[in-house]
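See the structures that follow.
What follows is a pair of complexes built around chain A, which joins chain B in one and chain C in the other.
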Partner chain A sequence: MGDQILTTVDWARAQFALTAMYHWIFVPLTLGLSFLVAFFESIYVKTGNDEWRKLTKFWMTLFGINFAIGAATGIILEFQFGTNWSNYSWMVGDIFGAPLAIEGIFAFFLEASFFAVMFFGWHKVSKRFHLFSTWMVAVGSNLSAVWILVANGWMQFPTGMSFNPDKARFEMQNFWDIALSPVAVQKFTHTTSSAFLLASLFVVGISGLFLLQKRHQKMAQRSMVVAAVLGLVASVFVAFNGDESAFHIAQRQPMKLAAMEGLYYGQEKAPVVALGIINSSKKPGDNLPAFHQELKIPGLLSLMANRKVDSFVPGINDLVYGNAERNIVGAQQRMVSGKIAVAELTNYKGAKEKGDAAAAASALERFNQHKEDLGYGYLDSPAQAAPPVAITFYAFRVMVGLGTLFPLIFLLVLYSAYRGTLEGQRWLNRACFACLFLGYVAQQAGWVVAEVGRQPWAIQGLLPVGVASTKLAASNVQATFFMFLALFTALLLAEIRIMMKQIKIGPEA
Partner chain B sequence: MIGNLDISVLQQLWWLIVSVVGSLFLFLTFVQGGQTLIFTTARTEEEKSLIINAMGRKWELTFTTLVLFGGALFAAFPLFYATSFGGAYWVWMLILFTFVVQAVSYEFRKKPHNVLGARTYEIFLFVNGSVGILLIGAAVGTFFTGSRFSLNLYNSVTWGTAFHGLEAALNPFNLAFGLFLVFLARTLGAMYLVNHVAHEALVQRARRASWINLLWALPFLLTVLFGLMTMDGFAVDPATGKVFLEPGKYLHNLLGMPAVLVLLLGGLGSVIYGVVATGFLGRNSGIWFGGIGTVLVGLAVFSLAGYGNTAFYPSLTDLQSSLTIYNASSSKYTLTVMSYVAIAVPFVLAYVAYVWKLMNAKKLTLAELTGEDAGEMY
Partner chain C sequence: MTVLPKRLYLFYRQGFRSMVVGRSLWKIIAIKLFIIFAVLKLFFFQNYLENNFNSERERAGHVLENLTGPSPH
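Let's turn to the complex of A and B:
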């Protein structure tokens, strides 16, 4: 890998991060708000009360504004796998392409067809068919999340495939292993339930603003109660599911877990660092302290990772340099094996090209002995196997901290609604409005943990990002990065201003 | 059952499925064509809004079909996905850029406080309908004219020009292909307006626009047809898999696959009939003839490129790097799984058609734009 390619990879990573993060501003709201709108409309159809229809249309308008920009930012992501990660597209296209195509067939057409009915069909179809269409948009939106998260789950925990040295790619062996992988199921449930949580915060936050302004108070209270019920259920589920997620990560991506905790030296009764200031100078293998300040809860990490308080949790150093005592093969050792795999794959391809069957067979045999470490053969140094620790550590704490706060807010809203004091609780309404923004912060932090924490791998343990990217001059990717940065920022500003105006107009316009 | 099929049958089946999705996309570009009519066919703000609202209820279908086209190519022919998107970087990026700005323009244009102003969003729609479609045409044109790339032993692509795909738009054949698609989309857009909008003056102008745009499309169509019938093509030796240049390859393909000739002539005839019916016979159903015709022409074009031992994504730099439906495809297992999934496609098409019928049962009127739901209109 030359310097230029390294720079290209960095820009490609930056561009993917930029587009994914912008996309994820809009998508969770789409996923959750679609169901809330369906709930609101169901109440309208059940009661026939026109106030519920107005309420439904108000939230639907905000949904529509958000939906369009979600679709706009999403198309870039799909095609970016090809444009910026062409080696990745070839090497895993046999596995990764199928979920994307299924997503298109099963989910996107549901959304696309029924979206038009939802917005423009109020006087064209029956009340019940309109409600059905609204539900179909909600189902379609969330189905689309299934397949992209199956694909993401496979990248975090590759399964159901094998490497074909003739084609130099990974090939699918068992579709169900991929579709029903525990990591994929966990990714989907955690992501969609957190999206319901965000949408609930959105509705509760805007409604709290209305109560503060003493506008649309009846509608605001109705919206708040429905959203707080969904939000409470979702936030409790997210918390339990997040714990399950930590367990999966410990078993399948121990390096990510070590980075999330800033744990360099593996230990029994490993603690969780509840709060801490990371020492940014610390590198794997040196003797510097990992933290400037830290507040630990002993044994909790062992409990989360292995369901046993006194169990051993490996640290970054164990995973980079190995730990013979604990039977941990480190990246250093796997790199040696991986480089043999890379060399023998080249020998095999070369021998086949020359028609030397004996040399090809012998190279293939040696390759097969080392193929499990193929991805490590492309790393430049063992320390490269560790992700950026500080970003992963802080993002994890932001996500968990805020995730702990949100159910309390929903509980307080429901309690106040039960007591009939929601209108007068100005501090609570202010807190609800603030939580709307904090919800977005938590969402972004969650994806930072998931994606930064698995670096340097595009496919965990198999394909580092440096090999996955397209061979392009960095200036090309740099130019498109700034192009999308400018465009998405302009569109985000437009979206926020349009939303603010619609909120100002309110549901009774 | 599907698992017993030979991989070459699955590869041909998936080229057909990809061709169907691509051809349906070409029909649905009536949305893009309609977007370009706002500056030529509409005379007033009201007429402009009628066009945008007529197209706005279908933009997502076109957008989704494009996404599915990309997804199906990724799943079935990942080497094409990797080679073309990674190599012809700029042409695809610009196409995507025009679709990003399209997606928000419908929703944002009429909304107060939209920052960029209605005119900007209208220009976005125009750019998507003109530049976006032109570049798509140029990219499809390279299926016949080839591109400068090579693949190494690991199938990693190296592109031969610094323009990364934009050079395709400078080739006269590709340019003619792109311009043909732009004017065809405008023709289809005009026919859709006639079918769906109740506004006499606008409909009269749309009838006129349908045949004028077909006239504009004709020289580019003839250029493409002449080019296809006379150019050297990229043939594959089925025994060795070696790619070689064959004079008159696409003419041979057309004559060797009479069904494709029927698709091409039937499709062109159907489009022309649709326009005559719309422009001169006062009929409103021309869009259906135009649409079916476009799908048939699309199928013929994709068939010429992919079937009959032809390389569908040829390399000018290294003939043996050219992609065929056989060397670019996914494994037999993946194609089999995907084929089972594709059984759902007719069901999807059925509910899309049902919803379309419901939503288009009544024509779009000015009254609808200014009525109770005015705030939700585009």
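Let's turn to the complex of A and C:
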């Protein structure tokens, strides 16, 4: 029975990951391309040049295709909460209800109402109102992202709430603590700026394809220059708030940071591993080397984590087993406290059922002393507190490596445009087209770092994934996993097909 | 008083009628929404707590039972 439940959890995880990853193919392009289209249209309105209008309508069509195919794919995630993650869904209902309701009511209607003007309103409304509508779609799309990222930010750093043991749920105490949590704010800025980066790669990539095919060359060059400028600015923001990310993760999710770097043994002047081959046999507490090969930059991790190059950064072993010298309470100790929390919650439940108010009050008092470690009470071994290291490590490198490549591409595009040689640089245009796909790889890698790196937690420190899930038969979840795989693949293929048709037609349609 | 709603209606009607790529997209949207709400939601993604318990108290009790029972790990 235990094995079956574990298998169900793994399938539920896989299903959520599959849905989220497919959803994340469509969403960042919507977020970023909406702003690029708004910029293109602003240039048209400013200059009055009809070529910019055709250019805007072309990219707007591709934006519309992506939006239409991607719309509602996120709703399936919500369905999964109710079916596969019922304990989690119940426990966070009071926290998630407000942000997701705001998303639905405010952002969606703002977006949907101006959407019609954006597509139907050419030559029917004034240029200024049409431009305003395009900007409102961009703003609305990105406002939608705020609230879902507030919800995810809360999972990574639960704040502004208290646990109600009678209702078995977390109750919001301070909306602004949740909405303006530094993790939520940082997540929003990093996610949206990376979306602008992806959209820029998309425009630069397809424009590069046009140049290679010697089609719509003027339009392609114009598009590339604007997109490369936005992409370069977005790259700077991504790097800056990526660095902020590392700082926040170091303070609030040190285990995730340790996994991102494959850092088992905490140290001062902790290095960043620029490149490395993780020893996948290595487990917390054993004597195996962490890497087969590694290329390190000394002190950089300490600088990123604590803003001091010689500061101590805890490793996985410190966080699992504790480090008295460094005042680090490890998962091993927190499990003791957590098990007391679970036991006192049980006692509280039993006392309430018997109507023994005194015993209930006593149990509740002891529960409150240990409730911060509640989640650790559900772990069987301290090593379970560590996430999958290899996946987190490699995904981080993929994201950062590609994130370093993209601004170089944008700089080369702008330099070539300045020199007037963009049309003839076939190698650069091929690279631009390739980076279109690499942008999506970087996007997925980023979320893998964020979500695999927080394992085993559904809510950091308070609720492990295994306890969050519904006790269903694995076969139920398996069946829907493959249904989603088929549905989303069909949607993605449909999008690619329709987009390729429009790209083939080009802006002259 | 009825001029603005009528204009809005005509705006949307003309817009939908003049769609080219949009027609294919709306077909895909319609099929997608049907699959999501009429198939997946109805047959495969029923809300576990809503379907198996009749009140908030019962649902809370079930979750509390899961939180205080043996660890699933």
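Note that the second predicted complex is superposed on the first by the 506 of 509 C-alpha atoms of A that agree within 3 Å, B and C clash if a C-alpha of one lies under 4 Å from a C-alpha of the other, contacts with A are read in each partner's own complex, and residues count from 1 in each chain.
Following the convention adopted for this analysis, a contact is a pair of C-beta atoms (placed from the backbone, for glycine too) under 8 Å apart; a residue touches a chain by one contact, two chains touch by 3 or more.
Please read these numbers as outputs of a predicted model, since none were measured by experiment.
If you put the two complexes together on chain A, you find that chain B and chain C bump into each other. In the superposition on chain A, A:384 contacts chain C only, with no contact to chain B.
When the two complexes are overlaid on their common chain A, residue A:441 makes contact with neither chain B nor chain C. In the superposition on chain A, A:329 makes contact with neither chain B nor chain C.
Once chain A of one complex is fitted onto chain A of the other, the partner contacts of A:111 are limited to chain B, with no touch recorded for chain C. Touch counts on chain A: comparing chain C and chain B, the chain ahead is B.
Judged by the touch definition given at the top, the superposed model places A:75 against both chain B and chain C.
When both complexes are overlaid on chain A, the residue A:473 reaches chain B alone and has no touch with chain C. Legend: residue contacts after superposition of the two complexes on their common chain; A:86 is shown touching both chain B and chain C. After overlaying the two complexes on the shared chain, residue contacts for A:168 are found with chain B and with chain C alike. Residue contacts after overlaying the shared chain place A:411 against neither chain B nor chain C. Annotation: chain B segment clashing with chain C after superposition, chosen from 8-16, 26-34, 314-322 or 332-340, is 314-322. Touched by chain B in one complex and by chain C in the other are residues 61, 64-65, 68-69, 71-72, 75-76, 79, 82-83, 86-87, 89-90, 116, 119-121, 124, 167-169, 346, 349, 470-472, 476, 480, 483, 487, 491, 494, 498, 502, 509 of chain A. Listed in rising order, the residues of chain A touching chain B in the complex are 57, 61, 64-65, 67-69, 71-76, 78-79, 81-87, 89-90, 93-98, 100-106, 108-109, 111-117, 119-125, 129, 133, 164, 167-169, 171-173, 175, 346, 349-350, 353, 470-473, 476, 480, 483, 487, 490-491, 493-495, 497-498, 500-502, 505, 509. Of all the residues in chain B, the ones that touch chain A in their complex are 57-58, 60-61, 63-64, 66-68, 70-76, 78-79, 81-87, 89-90, 92-93, 96-97, 99-104, 106-108, 111-116, 153-159, 162, 164, 330-331, 333-334, 337-338, 341-342, 344-345, 348, 351-352, 355-356, 358-359, 361-362, 372-373, 375-376. Those residues of chain A that touch chain C in the shared complex are 2, 5-6, 9, 61, 64-65, 68-69, 71-72, 75-76, 79-80, 82-83, 86-87, 89-91, 116, 119-121, 124, 165-169, 342, 345-346, 349, 378-380, 384, 464, 466-467, 469-472, 476, 479-480, 483, 487, 491, 494, 498, 502, 509. Contact residues of chain C toward chain A in the complex are 11-12, 14-16, 18, 20-22, 24-26, 28-29, 32-33, 35-36, 40-41, 44-50, 56, 59-61, 63-64, 66-68, 71-73.
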